[in-house]
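Chains here go by letter, A, B, C, D, E and F, matching the order in which they are written, and residues are numbered from 1 within each.
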Amino acid sequence: MKDTFVGLGDMLISFSPPGYRRFLQADTMDVSYTGAEANVCFSLAMLGAKTRFVTRLPDNDIARCAVNKMKGFGIDTSAIAYGGDRMGVIYTEKGAAQRPSKVIYDRGGTSFARIKETDLDWDAVFADAAWFHFTGITAALSGNTRRLCLRACREAKARNITVSCDLNYRKKLWSEQTARQVMSQLMQYVDVVIGNEEDAERVLGIKAANSDVISGKLSNSDYEHTAGEIMGQFGVKKVAFTMRRSLSASDNEWSAMFFDQGKVCYSRTYTIHIVNRVGGGDAFSAGLIYSLMNGFEQQKAVEFAAAASCLKHSIELDVNLSTVNEVMTLVNGDGSGRVQR
Amino acid sequence: MKDTFVGLGDMLISFSPPGYRRFLQADTMDVSYTGAEANVCFSLAMLGAKTRFVTRLPDNDIARCAVNKMKGFGIDTSAIAYGGDRMGVIYTEKGAAQRPSKVIYDRGGTSFARIKETDLDWDAVFADAAWFHFTGITAALSGNTRRLCLRACREAKARNITVSCDLNYRKKLWSEQTARQVMSQLMQYVDVVIGNEEDAERVLGIKAANSDVISGKLSNSDYEHTAGEIMGQFGVKKVAFTMRRSLSASDNEWSAMFFDQGKVCYSRTYTIHIVNRVGGGDAFSAGLIYSLMNGFEQQKAVEFAAAASCLKHSIELDVNLSTVNEVMTLVNGDGSGRVQR
Amino acid sequence: MKDTFVGLGDMLISFSPPGYRRFLQADTMDVSYTGAEANVCFSLAMLGAKTRFVTRLPDNDIARCAVNKMKGFGIDTSAIAYGGDRMGVIYTEKGAAQRPSKVIYDRGGTSFARIKETDLDWDAVFADAAWFHFTGITAALSGNTRRLCLRACREAKARNITVSCDLNYRKKLWSEQTARQVMSQLMQYVDVVIGNEEDAERVLGIKAANSDVISGKLSNSDYEHTAGEIMGQFGVKKVAFTMRRSLSASDNEWSAMFFDQGKVCYSRTYTIHIVNRVGGGDAFSAGLIYSLMNGFEQQKAVEFAAAASCLKHSIELDVNLSTVNEVMTLVNGDGSGRVQR
Amino acid sequence: MKDTFVGLGDMLISFSPPGYRRFLQADTMDVSYTGAEANVCFSLAMLGAKTRFVTRLPDNDIARCAVNKMKGFGIDTSAIAYGGDRMGVIYTEKGAAQRPSKVIYDRGGTSFARIKETDLDWDAVFADAAWFHFTGITAALSGNTRRLCLRACREAKARNITVSCDLNYRKKLWSEQTARQVMSQLMQYVDVVIGNEEDAERVLGIKAANSDVISGKLSNSDYEHTAGEIMGQFGVKKVAFTMRRSLSASDNEWSAMFFDQGKVCYSRTYTIHIVNRVGGGDAFSAGLIYSLMNGFEQQKAVEFAAAASCLKHSIELDVNLSTVNEVMTLVNGDGSGRVQR
Amino acid sequence: MKDTFVGLGDMLISFSPPGYRRFLQADTMDVSYTGAEANVCFSLAMLGAKTRFVTRLPDNDIARCAVNKMKGFGIDTSAIAYGGDRMGVIYTEKGAAQRPSKVIYDRGGTSFARIKETDLDWDAVFADAAWFHFTGITAALSGNTRRLCLRACREAKARNITVSCDLNYRKKLWSEQTARQVMSQLMQYVDVVIGNEEDAERVLGIKAANSDVISGKLSNSDYEHTAGEIMGQFGVKKVAFTMRRSLSASDNEWSAMFFDQGKVCYSRTYTIHIVNRVGGGDAFSAGLIYSLMNGFEQQKAVEFAAAASCLKHSIELDVNLSTVNEVMTLVNGDGSGRVQR
Amino acid sequence: MKDTFVGLGDMLISFSPPGYRRFLQADTMDVSYTGAEANVCFSLAMLGAKTRFVTRLPDNDIARCAVNKMKGFGIDTSAIAYGGDRMGVIYTEKGAAQRPSKVIYDRGGTSFARIKETDLDWDAVFADAAWFHFTGITAALSGNTRRLCLRACREAKARNITVSCDLNYRKKLWSEQTARQVMSQLMQYVDVVIGNEEDAERVLGIKAANSDVISGKLSNSDYEHTAGEIMGQFGVKKVAFTMRRSLSASDNEWSAMFFDQGKVCYSRTYTIHIVNRVGGGDAFSAGLIYSLMNGFEQQKAVEFAAAASCLKHSIELDVNLSTVNEVMTLVNGDGSGRVQR
């Protein structure tokens, strides 16, 4: 049965100072494992979906810790390739108030950045697959991973698998120019494009009229225009945007827009006092993919995805540990945070 | 001299993940000791009252830890009975933003749930007692604890001791139907009833006209009507309600109403950025009981109780560690949180 | 292919004060998940075996944490039954020097203690199974679990599966008399009996001539005599004993004996400076079962099992996280603890 | 080259319960090193200034820890005197919501409080110095430190060094009367006076018309009047005030005013969700001094100082770990707290 | 009934780096409350004795934490005087292997060091008292505490209370010369003298023939000679010595000698792998006093005291948290450290 | 004045699970900064020497943390070059008993591995330098670092600076063959060679007659023979060996040999109960270099170096935080670990 979600991307070890400590104040760090596509996998597994995560990892104990975590969520890790020298490392300092979160990447020369197309058994990668998801980060890492994305998209389409892509622009990984060139080529295989206010402009070169990326004050018509352009230029059928308004690192407004074949739906807007915003976009992708894999109608899909990612902001580390019940409670209007006892 | 407060109820060991971690993220947990009546005792002891806590505990080191904590606050633990197999365990995951706190009870078959009336020396329980307090949780635990509540109320009234009861409805412990039947019988002994917006409806079956329990948007007249019903039906002289408006798990509005023989007083309303809301109701009970044991007039009593419970929301774990000075500073209008140095 | 190990038993949440703190000194506790058969499963999974763990758990987040940990090690958890009210809780205070470790059980009324034979799908339990393992602890918990053991043994034998049993006498769970009666009945189904110096005497009533259980000073001939008795009385083919000499809670001597159809082999004796001795017996069982499932000859089998359990003493918490390579390095004589870099 | 900032004051070891725990809940405490002038030094060093910190410390390992921390920031510690018995100790309980932070001083009889003018080598203290900064706390500690302040001011003026003073009134250290007498004498040497809404009134006896110190609701004209008085009475050329409006311990409004030779400039007002407000004033001093040492014009200076101290509120412990880049990003309008990646 | 133990001495807040970290490596420290006589009180309370602790403390939250801890053990704290400025602070770095533990005292000018005889209500101090205990540390702190010791001894003797004194020489607090002069005067009131190999020589000036204080290699006859001298010179009836042989900071041999009116008894010798040796002497004092208050015969008394203090070495922080059962198990020969389950 | 020690090498961020946890059990890790030459610098700075550390680091906050730590010890970091992408990462799992410590290197493509000779200002590197130290690890990292070693040695010799080299063979970094070829070439510049039992054989190809590297059982004559060969083949004047006998990861015997121009001296042998053995060799190098820079005679030099490194084994993390006083106390015979108070 074709019922499995497949995520393909990097898996990093993530170190972060406890609480709101800055790097300079940290003699211990919290350890977790992260990666845009991996986080989507974790989220979907929490929601009860069948999931597979594919990457390339070195053959050492740190990588084993990461794989064990995934297995613990019931994610199929059997298609992971082993080899190379190192996992990527990411250092995250959590922001608060007017101080933004800070991220230090150490992801050069990793086992994944050096992956070759032939390292993977593509039949194993896509066995029983109904959905394939990747992000712009994977395309950004290296020439090898760019080729990998292309190959994966082709393998997926050849198997009639739905393909989604979170644009996920990271300016520390590549220039806008390279991003545009690479991503434009990949778009032809993509059925569902996911992004935020920055991505469309920086990755696809589609600029909204009155954008103010820093404050996130875009009008709905800006978003609709941008989505229309994406669909027109690349033949994409579905486009979803998260819309963040950053009041500060501690307080955000958060909502989403979902464009499906000419029709647009908006989710409710959440005012969120943030515990940790990292992974909010991945949680949205997971929520949307879950909705579409389960045939939710368009409005319910965008509400489910927005609520899932809203809840992520209340959760430490990068993964959305919310269940379908928890998301649906919020979709149905209870954001009161009352104790259940 | 009759000057001692007596609380009778369960004492549990409480485990909670550090910070805002979810259960799935916790490799260590914070340990504390809790219980509705125990928390009232702790609070009153912090306020300087003479207190006694009565329960039944197993004879093991974990129970000794709990008793030592109480002794540390000067609470008289000499009437506690020992026997049975286990203390109850409670797991609490602290909520934030739109994610509610989550509580897992493991309190079946505990030493306290299996207590027999004859396990206690009632003269020792009520020696020098001026006030007796219990909650609906104790009545909910088991047939044994229901009989215990009845016996305790009768013993208290026979000694002319004031009796207060926090309705404290817990849907995980009993049905509304059983709650109503049991609590209605106990009401005849109760002088002061304490509750919140859910309790009156679910426990006593008295429904406000336009209640919306989830958001907590009740009108004052709803509360007044409900209080009137309680006083009419059960001959209770005093009724106090806490009024919570949950904006999210992180932000609440909080105030209180106190009905005393036909006259109603409202406290100021506090807008609270929450550290930990668990135990807010117990802190209110303690504040109100302290006020009444010390002869505060009605308005001062409700302000004191509301301020005490407001401060609880700024404190980790379940116990209100506020002193009379700290509460009075807030009653007198300084909620500015300025550093004292 | 019949290649799967099946463990059946309880799964508890385990709380222990950090480092060498006593219960009275603990405001945080380390959290882990444990159980005799579960620990054997974890160990075997670390050694690379195919494993399945079967138990009954409540349907709550704490149980989910435990299941996720098992899945993380690749253990098949699909045959676990859900229902009932609670997981067992175990509190462990780690000893040192002349102060012994201390264990508080809170395992009454658990989902597992109340398991019914019909809660499990026996075909799923034993699908592809080559080996079934249980311990005296499971037999000790309740009438329900005793019946479960009997049923499981019969189901296993009907499928021609090898059955092993670690006697694992726990005086806090049952009397010697009950233990003897129950375990004697179960022995007829057991192919491999595992125990230590106390178990044979207390569980099977077979007393060595000059035993001194406290110091562990038994002669080899005592062990051989006892093993012979077990084989004679119950028709067991293989008997293995761990031999611990407790110099203090910090320093032990440790070795093992393995009797197989008339021939006895002894392992090397290890002098161990202990990090945590809990789970040493479970690590031995896992090592022995691994050896026998992989056809190791008798001397190698006892050396492998002894080395595996020796390494467990250097590891925190209850599970032996050693790989085959690590065990074989010690079997081959390198106990020098030199850094590998 | 005269380019070095010199701070002279106390250095304390600071203990604080983790997170929002109260003292009664703390079995571990976070350790840091603090002091008003020391914090200014740390901040300036983070901003890239050449700095020297001067104090007197006992010759023990705790003091060495403090000095090592300073050296780690590149602060010149070579003019520190050693002798006496003890460092001061400060215990800080972090407030939240309506509960204020609480500070317990244990700073009597310290090595610094007993410092003699002759303990310092004044040429070493002021080698290459362009700026000298002290606070009212140093003047408050003891007769010895009062004489030290006087001597230091005279030595500085003799070397034509700019002198700044943060009034920093601490009611636990001295009475308003003594403060006025001592500080009035010192003012003659001071070029730049820094303070907040309480200080001018309590230290210098200059009362605004409609002050409400607790809520911090002063009008701009009140501040301007007060600044004018200070400049008139003491011949001070520059006066800067931080203006805090405490909504609660968790939420403050924060801005600043800077009066320079007849002209007043106001900074933007920040609404801050607070991580830790202790050290906000020191961060402001550092920001202002940095601005003036680098020749920023008046409006930029007050914006830089206000933004620096705004960021401090998002940082744990007492020191502002912000870089010039981070401050300038906020000055330039990005307080959105967006992740940089 | 005269059945209460009274300890009089200092109470300090104690900070120690976690595990084996040195001061330079500690960003958090463990917090506890300690003091020689306080530790004896804690130990006796754990053993079930009625105890009272008397000291003078400042009126602040840190002192309240200390008092709460004592109350938690059931120690009567009602005779404690309040006043003065500060509690003493002690920093302890735990040694290991060849690296000794390191202690930094910050106990000048404390509330206790400045206690006046008239601060205490002597009738309250000695109500129901059977035993009074103090140590050389109290005599060493200040002139005030010396006078306090003298007064306390006289008050005790006037009430016919047994007086014990642990010589407890601390070279960081006073010189041998002063110690001798002060302690010699106090000896006339003392019934039971407790000490170790250093104390007799340094405090009382009684030198064993072949002492080697560092390695602790004294012969029994040296100890006996010294004890005889003490009894002869000061008319003391009972003398007890702990005998430590320090192999390293991690491994010690430990035993005790007890001289009672001409007869000497030796305890068994324990070889101890140390968790924390601080407080070993206090645990011995408590064990001996418990033995004598309960009428143990001489050999049992010394064995009980030695076993109690042996167990202390396995316990973190300064207090012996052992029960009578645990001590008696070791006295009766089980030092095997086997798990109890 | 030529009085400065210069170390040149890599600086890594080091993560290690707390206590004895394995990688699989670690949700937090302790953070520190390490590197063979850096550790020698830290140790020498603790001993009071003037030190400079030279490396190449990326321009990010993690590197700044490392540099700040060094500055905190007074190490001159002004000659460090900045550039490149990443610091190396090292993961260390601390062993115990029969389980060895485990190290995972992630040091490919680091800023240091890609250093070019021209990145350094050699006059700044060697300003005031009396001693230059490097290790085989630096030579092993990359072709770039090999060239760097050669250049550094030549620059040092041209300035008449003493050169020492710790052979420090790491089999995870290079083969024996490459090591031999590279190190043989560098030996011509080296005045003092430091190594252990493995190094001479693996790096220089000089094999002792009866070596047993794993257990470390080499005879003195083996060491003397090996030293002689080194001196003969490479014209080295001084050779020092540490001699470790690994009883287990918890217990080692430790001593040293120092060959100087035909004369050999042995240090005392220490039996050490280990806290953390990593960095023991670096501590030895620092002790020896300190001795030689201060003109200690040969026997004192080897005793000082051996005692320093013995103390390191009692200290957490990789750096020897011992002072000259502490080392001399052990040299003078007090390894008793008695508390100093």
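Keep this in mind: contacts are C-beta pairs under 8 Å (C-beta built on N, C-alpha and C of every residue); 3 or more make two chains touch, one makes a residue touch a chain.
A quick note: this is a predicted structure, and the numbers were derived from the prediction, not measured.
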Chain labels contacting chain B and also chain F: A, C, D, E
Of all other chains, the one whose Cα centre sits farthest from chain C: D
Reference interface A-D: repeating pair among C-F, B-C or B-E with over half of contacts shared: C-F
Between chain F and chain D, distance of the C-alpha-averaged centres to the nearest whole Å: 43
Overlap residues in chain F, where contacts from two or more other chains coincide: 19, 24-25, 27, 68, 102, 273
Footprint of chain A on chain F - complex, ascending: 15, 18, 23-24, 26-32, 60-62, 64-65, 68, 85-87, 89, 91, 93, 102, 104, 106, 108-109
Contact set on chain D toward chain F in their complex: 68-74
Touch list for chain A against partner chain D, complex: 19-22, 24-25, 95-103, 105, 170-172, 214-216, 246-251, 273, 277-278
Residues on chain B engaged by chain D in the complex (per definition of touch): 19, 270-276, 307, 310-311, 313-317, 321-322, 326, 330, 333-341
